[in-house]
Amino acid sequence: MSYNSFGHMFRMTTFGESHGPALGCVVDGCPPNIPLTESDIQHFLDRRKPGQSRFTTQRREPDTVRILSGVFEDADTGGPVTTGTPIALMIENVDQRSKDYGDIKDKFRPGHADFTYWAKYGVRDYRGGGRSSARETAARVAAGAVARKVVPGMAVRGALVQIGPHKVDRERWDWAEVERNPFFCPDAETAALWADYLDGIRKAGSSVGAVIEVTASGVPAGLGAPVYAKLDQEIASALMSINAVKGVEIGAGFASAELTGEENADEMRMIDGHPEFLSNKAGGILGGISSGQEIVARFVVKPTSSILSPRRTVDKAGQETDIVTKGRHDPCVGIRAVPVGEAMLALVLADHYLLHRGQMGG
Amino acid sequence: MSYNSFGHMFRMTTFGESHGPALGCVVDGCPPNIPLTESDIQHFLDRRKPGQSRFTTQRREPDTVRILSGVFEDADTGGPVTTGTPIALMIENVDQRSKDYGDIKDKFRPGHADFTYWAKYGVRDYRGGGRSSARETAARVAAGAVARKVVPGMAVRGALVQIGPHKVDRERWDWAEVERNPFFCPDAETAALWADYLDGIRKAGSSVGAVIEVTASGVPAGLGAPVYAKLDQEIASALMSINAVKGVEIGAGFASAELTGEENADEMRMIDGHPEFLSNKAGGILGGISSGQEIVARFVVKPTSSILSPRRTVDKAGQETDIVTKGRHDPCVGIRAVPVGEAMLALVLADHYLLHRGQMGG
Amino acid sequence: MSYNSFGHMFRMTTFGESHGPALGCVVDGCPPNIPLTESDIQHFLDRRKPGQSRFTTQRREPDTVRILSGVFEDADTGGPVTTGTPIALMIENVDQRSKDYGDIKDKFRPGHADFTYWAKYGVRDYRGGGRSSARETAARVAAGAVARKVVPGMAVRGALVQIGPHKVDRERWDWAEVERNPFFCPDAETAALWADYLDGIRKAGSSVGAVIEVTASGVPAGLGAPVYAKLDQEIASALMSINAVKGVEIGAGFASAELTGEENADEMRMIDGHPEFLSNKAGGILGGISSGQEIVARFVVKPTSSILSPRRTVDKAGQETDIVTKGRHDPCVGIRAVPVGEAMLALVLADHYLLHRGQMGG
Amino acid sequence: MSYNSFGHMFRMTTFGESHGPALGCVVDGCPPNIPLTESDIQHFLDRRKPGQSRFTTQRREPDTVRILSGVFEDADTGGPVTTGTPIALMIENVDQRSKDYGDIKDKFRPGHADFTYWAKYGVRDYRGGGRSSARETAARVAAGAVARKVVPGMAVRGALVQIGPHKVDRERWDWAEVERNPFFCPDAETAALWADYLDGIRKAGSSVGAVIEVTASGVPAGLGAPVYAKLDQEIASALMSINAVKGVEIGAGFASAELTGEENADEMRMIDGHPEFLSNKAGGILGGISSGQEIVARFVVKPTSSILSPRRTVDKAGQETDIVTKGRHDPCVGIRAVPVGEAMLALVLADHYLLHRGQMGG
């Protein structure tokens, strides 16, 4: 109901526009006594930060986070821990370039939210996309950094697995490689190929789509809530809420349309005295509930709508016109969606960890 | 938070197990003064009803709906109208075959929710899948029939667009054909091909996946609520909540990964004095808000997990074993997901129509 | 947001009108493996049932409850236990007397919801008050019977403490007496006085207000959630949602206006090695969180609006008129509010027990 | 579910501790195109501000509000208007006196939330009460200032009607007087009496309780949502969420226990062609829905728990001890609760105005 909140028991409410004074979030429902410093959060914000390579927007935002509430000194260690009260996180906007927005002030950029915000609200902050800007995702990454600390033993990771027509080679997948290239690519060879390919896109003033894969290991079996808070439903909701995402799939996903029941069944055997699955077509979720296997989800990000080629459009006055979107933009906005996708997955799992504990105890 | 409710302002809460005395739902938040009879609802339940062709389960459930509350005689016409109070709908289970469930009582069927329900709750109604059965979707279709009446001029339709490797030919798309074959297929030639293909699957005791497309026309621009109740997010959540769904996409969906910004942009022109889009890669949603174009979403349903080939599994006692799932099952459970997908789309749109009206007036 | 639901994690959704086919509720979020039979619930419904003395309405409703879902045989005992899925409870209406409602069909009865329902919805089920009837509270009592089983060791009790000007004598308080008279009065002498007094009211066709006190012992410290789900806030919300209630207070309540800080402070001492309070002005709640003391709340029920003296009113057509409310009514509707108040208190505490367990573990 | 949020469609989430860097709130769901400046909000914050007379705490907080998001220039006027996106409001704490909190760090002050926060969370920010401090209500007043602008024609007012044993004389009620004395007292004679009385309390280092009345005129008929979002229920929840409140009543409230049905009935007549009530025992709400009459609610605030007389208590280590609460405190915390009560009433009504418009249109 609250449009700018996400989650049930572990709940984030975000605020802020691209060119306003600040953006941030309130994280509510976090358990107490979890060590938390600004640098814990800053680490993840830095991964999402713009301007770190020639493949992302050149806007220079330090994205420095400030904790306004919800932490206090631990009685024993004296170090900062969560108190169970709301954690407000603020990031001030710094590099709002004082440019002339005259061109986009009254024109609707194709593929952007310009037309629909105007149709809905009759007013919009057109500077940098206002509230529809992907800058809002900085708040998600900050909240996600807190969420990662809630489920003991859980590790959430993400990688870019496709840019345009070029997919990673899963045989060469190496998680360590993800941190070594500007694409969060788990495969060095593909990363090199993407660099060439994206240079072409970038120089042409064009853009291209991408697919991201996010995973979570160490998730206990039993999380998720049939029927209308299924874990895969919640993950789909979380990932589809990210700017420019047009599709989400879990496990085998859309490929399962072509599988038979025999191929799709994840058979089970006892391994080391525990029931284990022999494959993971389900992506770690059966009947909306985690199975204890790795959670695997993918989402597609459409090409950045801001491109240099003129596109036909109309303006608020109902005049036909053309538009070219100048300014600083990502040639493949999917790249920076990797840490955002990780954050959203962590948020869902933290939330359902608490929900499960509530109904079940333990 | 409530696991068995869906929606915010127009809200459905479902209950019931596959072999319990009854299933149903409470529809809350419906506007008053909407004409509503049991036959309005029954029409849609009949489309989802099992046993209507050799391609769906042979369980014979009349799925007769009874309205328990929330309608009363209109002061003028005397006919039944909604009163604004909760509409309780009940469907009694009739054909719960008194079979021996011994085999599945203690074994976890691969691909089913057996293991995860047990891991979560420590108890489960194993008869016909209990609460995890797709019988629950009858309640959704009933609620969806009410939802269809909420948005003036809106039409929600669905079609099966892929079974196994076989996709419909979009050049031959004919909505009228959807009601003429047992597959909700919009293309007679493909329907014939599917019949042959599925007969083979069925006779082999196997199953196969499918893709469904659902659309809504007549949806006003402005519905949807950034940032965490984006219309596409809500649709993804709604469709992913359907049993066996593993992926959801909007508009160009996963194909947009391979598009450039130029290809993906839906340009605009003034047509008959109104701003109109020249294409619909966005699936009718920009920035999480409806654009006035047709809403287009697709979802994939995995192959039915109940198959005749023995699969390796374990039981509650931790013993390795094999299992064959007998009983009456759908060779392609995706077929009957078509009216369910329609219902879920209608529910999302009814909900957001009311939410929009609340924040904006009008 | 959902108008007919109450609770967050342990959540009840009710439906039904006074003269419709049935009323009931769906209880969602109940932990699994709690033994539950229809007779567990019937016990509490029987306490609320009308027609049990000359001091309550003579409508004869057996209020027989039927469990439609959410329980299944325990693997070990074979007895019915909750499964963690929604528990649907249905009570069929039996004694809807086929009378002529002509008089109240178009007139607004003073003190009733007739005018406001009509102003809001433009349509209303006028038979017996429709949805605004206190018959809806049967569903609450049924759900409350489930709630009582959620918090280990918790006991919820209620008593009528005032009818008209006559208050119970707290020196003579005896909980056992509550079950021995038709008023849920904890003091036999006052019960006798009330019988005389109410006979007078009843014979005059008049009615009178009352005050109910509900308490819960065995509530662990720590329940409640600052800032906007304070335990006292939730109790106030729960009790004020009961028909005809016009005020709620916790602990010393309104009397605390006249106390000094010294008088109001509940001092603490160590007793048997545990911190204990020496008084309970706070009613068991400090800062919105339970202290481990007994929870004590009171609420006032206004006099039944249906009386035999003619009252001035208007009708739907805007004509001035008089109205006399015949039919079967309670001379003091506060009496039957006792089990309803208990149920609501149990619902709040079950909900917050689960919420607390979710955020805190344990 | 979210502990620090209030409201459904018009929703406020607050954050911050008494001695942290800042406190504030995010207001979500506000309609767009409402003129809003910081001074609109500051006006109401100034009424709640501490240190304005000798009868409130001497802490000197300017309570200067800063709007961080959610407003933008109107296309026509250029003036700031709401945009429909979340409005973040921040108030920096200034006068957190660097005192020694050693005494209360480990001891539980009777009547405070010290013990229960510790029992719940195992950690607490003891400085000035941390999150349990009434400083949080500054955020409510800020959000309430926005809420006041949502319902056209609505006016929300409040007054202190009782301090200790001394009630205002309703015959002398003058709303203009409320702004002329430091008590929000509508009666100059009583204000003078209270000044003397409170000077005695203050000099004795004691404190006393109070009763506040809040009203809203210009509220359209039809607001409120049976059965579990009744308007009086929501008001009770809102007012009971304020620090130190122990009781709430609507209209005749607890006095209705002693009334007969005849006395309590608000009769109706046609006046100027409209149905009107001849009295307002109901406080403007029937069946949980507004009647169009003035909404009238009262709440009681217990005496400030911080007093100079030593009280017996225990500490975290389980040692018995005494405590004297020094520092700057309100002798009657009820005084500053007046603007807070107004804010909460405005928030409820704004929320239900939007909810009603959503379900009903218009």
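Here the chain labels run A, B, C and D in written order, and each chain numbers its own residues starting at 1.
Just so we're on the same page, a residue touches a chain if its C-beta (ideal position, glycine included) is under 8 Å from a C-beta of that chain, and two chains touch if they have at least 3 such contacts.
Because the structure is predicted, anything quoted here is derived from the model rather than measured.
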{"item": "Of A-D and C-D, whichever chain pair has more C-beta contact pairs", "value": "C-D"}
{"item": "Chain copies touching (chain A, chain B) - same or different residues, decided at half shared", "value": "same"}
{"item": "Chain centre separation in whole Å, for chain D relative to chain A (CA means)", "value": "38"}
{"item": "Interchain centroid distance [CA atoms averaged], chain C/chain D, Å", "value": "27"}
{"item": "Shared interface positions of chain D, touching two or more other chains", "value": "1-5, 8-9, 14, 29, 32, 84-85, 120-121, 131, 226, 355, 360"}
{"item": "In the complex, chain C residues that touch chain B", "value": "1-5, 8-9, 11, 13-17, 20-24, 26, 28-29, 32-33, 66, 68-70, 72, 74-75, 81, 83-88, 90, 120-125, 130-131"}
{"item": "Interfacial residue positions of chain D with respect to chain C in the complex", "value": "1-6, 8-9, 14, 108, 110-113, 115-117, 119-121, 131-132, 136, 162-165, 201, 206-211, 221-230, 232-234, 236-237, 239-241, 243, 245-254, 256-270, 273, 275, 278, 281-283, 285-292, 300-307, 309, 311-314, 318-320, 334, 355-356, 360"}
{"item": "Contact footprint of chain B on chain D as seen in their complex", "value": "1, 9, 29, 31-32, 84-85, 226, 354-355, 357-362"}
